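Below: one structure, written as structure tokens.
We call the chains A, B and C, going by the order they appear; numbering starts again at 1 in every chain.
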């Protein structure tokens, strides 16, 4: 051997002795356990535990400061017969459905626009995401100011354009209120859809479009037969997230209308808050929160099945 | 003394029995090559020696110590991976120093060893660079350097040359051989390339489907393959095979099919005796076939039709049809042959091999 | 590019794009303008003839000054900053370790645990806030920043884990194997080799987590009651409204200043943010 002799430090000559902890952590399974412990502890304590507590609350009649007794399904009966609850369910479903459709359509359109090369593209892309980045409550406040019946700039614009004469009470009129809330939700969500769909679009090789164009397909046909099918998996995932978030939405409505006028914009979450925290009827509030769950589960399962089907296609 | 002993080694991945009862003795300072097609178990065996795969049953000993339960870091081995596995966020120096740092060598000693290894491999000027700034060949050397620096008892190589282009591969092969001569460390080298096996190995292990087919020096495996698989695996172009029937005629043993009638040479006559009336597989390497001249005995030749002529410069490969069989003959570059020509080929009797059609073992 | 005549480009591209940009960014412009307009200009009805919405001739700092001196806004900013940073740190720590375990180690129930963590991401805060409020009170954490620092990771960790998993999967496993043969324990190989390579992913996850923390509302609303403990979103919406009177100047100033840290962080790391957004979707 032509090596100069640099001997190994005596502590490491031969096979060193390993401490018990080191030996333990060499085992994949024990290491995995140790690594996952903090996460499992936190999630267990602050998600699993509250979830079961919520179930427990919903079958008792707890109020703030008053421990409850077991009452079976009484709370569920109550909300089943509660007309406000019906309104909340209807509102939430309508709200989720309409906003999702618009967010998808507008987001897709914007993504298609951004998928071209133009000056300032990176800049534009960065600014476009602002509605999504800025804390919801703060940007919603700006909208509230913009909707203010007396000082609304939107009213001013429409007035100047000659489209209206009297005032539009965006947040005070029951029908309009729901529409206004939807507008803000769509405004906030379009960037998320657009940027995510844009990323999806960019994975579609331009050669596919070129081949289709050579084959004689026009823009709309190219979209329908090349772009859309390839975009479908990404779209479904985005929609899945968005639907869940929208269904459980709270901040927007809380700031804009608080659920009114006359429950016109009452959603699951705001009603739960009103009952549970506002009036202190903890059990009933918890029941309403819990009522979100089966619907959520259904939506998630349906979408996951659909996603799996599209992926294995 | 760094001999590696493998006893009754088995590895099962769920239902798949990847390594079946392997027994091997690798001598101290030997360069042992494991060769075989993908999925034959060679890499799995190597990884078990390294400690990266658990052992289902059997034992592995290095220097007479059973290492089954030892973690990779305690086995005093070094490994060179196919993709070099250089730490991308560290300089070449730090890459090479990493193992020594883990073993608490002090700074001065690390510097000495790294310099030494860098000089041996000619990469001193690269020490401050990052892996992404290096070419494939340079990365390969750094990977080697990282292994050398630790002065391990055994080197393990997992197809280290597969990612290099052909020319570089030939160059590195030579360098590896020189390196081994210089360092003399026991080495286990896995490859699917039979040329690397033949040129690098002191001994070669051919594996297929998790089973060792044959162990021996390269030329031994080449000239005396133990079964049809080894015969067909080593050598390029591969050995030609034909199914023939053995019959006896006037005390002489003949092997024949629709395209040929070959008289078995005396050393085979006795062994083929048991197979009279049955079919066997005949094997003959391309270089043992030449265009027949008047001097060649008729019982050692057969007629063929030329289908393709491949002129390589140093030789000509003739793809021919002999009855139902296609064969390749490697002939002198001055042979004139065209497609559709009819020729007679003669074979070198020393190059004849026969294999049992069922067990595939050499007869 | 859109092929065809120039007019087509204008109609189908520039016009819609501009419309989108204006629609998406106008509320922020409105925020800024309102902040610097004096009250006399602010409170003009929209059908009054002197309603001049898009500019102001007398910009003023008075709203911002009032915000900073007469309200607890400074405290809220500090609270939110501390809570967001702490929650992000905790989530990154957990997400890093969990992501490594799930993507690079083999152990029983690995698949199910991964799915479970994914599912918790889908459990919205509005489902848990009532029982959680109770639990927080029982742990004596109510009305302290810890209530949020410990609960925010519940929706940050799944995301961080997921993101890190995707990132780890792209790192070849030979690197760890080589490190282990070189003499590192599994733990050291993870810390000295894998984590440094994953730094861009850690950065992306951290930024996303920071913005999500800053944005959280309902937990902060329900768990905190004293004005000094509040976070910016809660403070601005609850403390700046006296009875039925909305102090719009201060409100918009609060909204503007409250958005700045997030926008600031975002602006430096746009690529990372977009990467984590799209990475989580492509999952």
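Here is the rule we go by: a residue touches a chain if its C-beta (ideal position, glycine included) is under 8 Å from a C-beta of that chain, and two chains touch if they have at least 3 such contacts.
Keep in mind that this is a model prediction, so the values were computed, not measured.
Drop chain A from the picture and the touching chains left over make up one piece.
Among all pairs of chains, A-C has the largest number of C-beta pairs in contact.
Greatest Cα centroid separation from chain A: this falls to B. Inter-chain spacing, taken between the CA centroids of chain A and chain C, is 13 Å. Once the centre of each chain is set as its mean CA position, chain A and chain B turn out to be 57 Å apart. Contact of a single residue of chain B with at least two other chains is seen at positions 71, 103. In chain A, the residues that touch at least two other chains are 26. Residue positions of chain C touching 2 or more other chains: 185. The residues of chain A lying in touch with chain C in their complex are 22, 25-26, 28-29, 31-33, 35-36, 38-40, 42-43, 46-47, 49-51, 53-54, 56-57, 106, 109-110, 113-114, 116-118, 124-131, 133-139, 141-143, 145-146, 148, 150-153, 155-156, 159, 167, 187, 190-192, 195-196, 199-200, 234, 237-238, 241, 244-245, 247-251, 254-255, 268-269, 272-273, 276-277, 282, 285-286, 289-290, 292-293, 296, 300. Interface of chain C with chain B (complex): residues 172, 174-175, 177-185, 188, 192-193, 196-197.
Those residues of chain C whose C-beta lies close enough to touch chain A in the complex are 1-2, 13, 16-17, 20-21, 23-25, 27-28, 30-31, 34, 42-47, 51, 53, 90, 93-95, 97-98, 100-102, 105-108, 110, 113, 117, 120, 122-135, 150-151, 153-154, 157-158, 161, 185-187, 211, 214-215, 217-218, 221-222, 232-234, 236-237, 246, 248, 251-252, 254-256, 258-259, 262-263, 266-267, 270, 273-274, 277-278, 281-283.
Residues 50-52, 71-73, 75, 77-79, 81-83, 85, 87-89, 98-100, 102-103, 146, 150 of chain B are the ones that touch chain C when the two sit in their complex.
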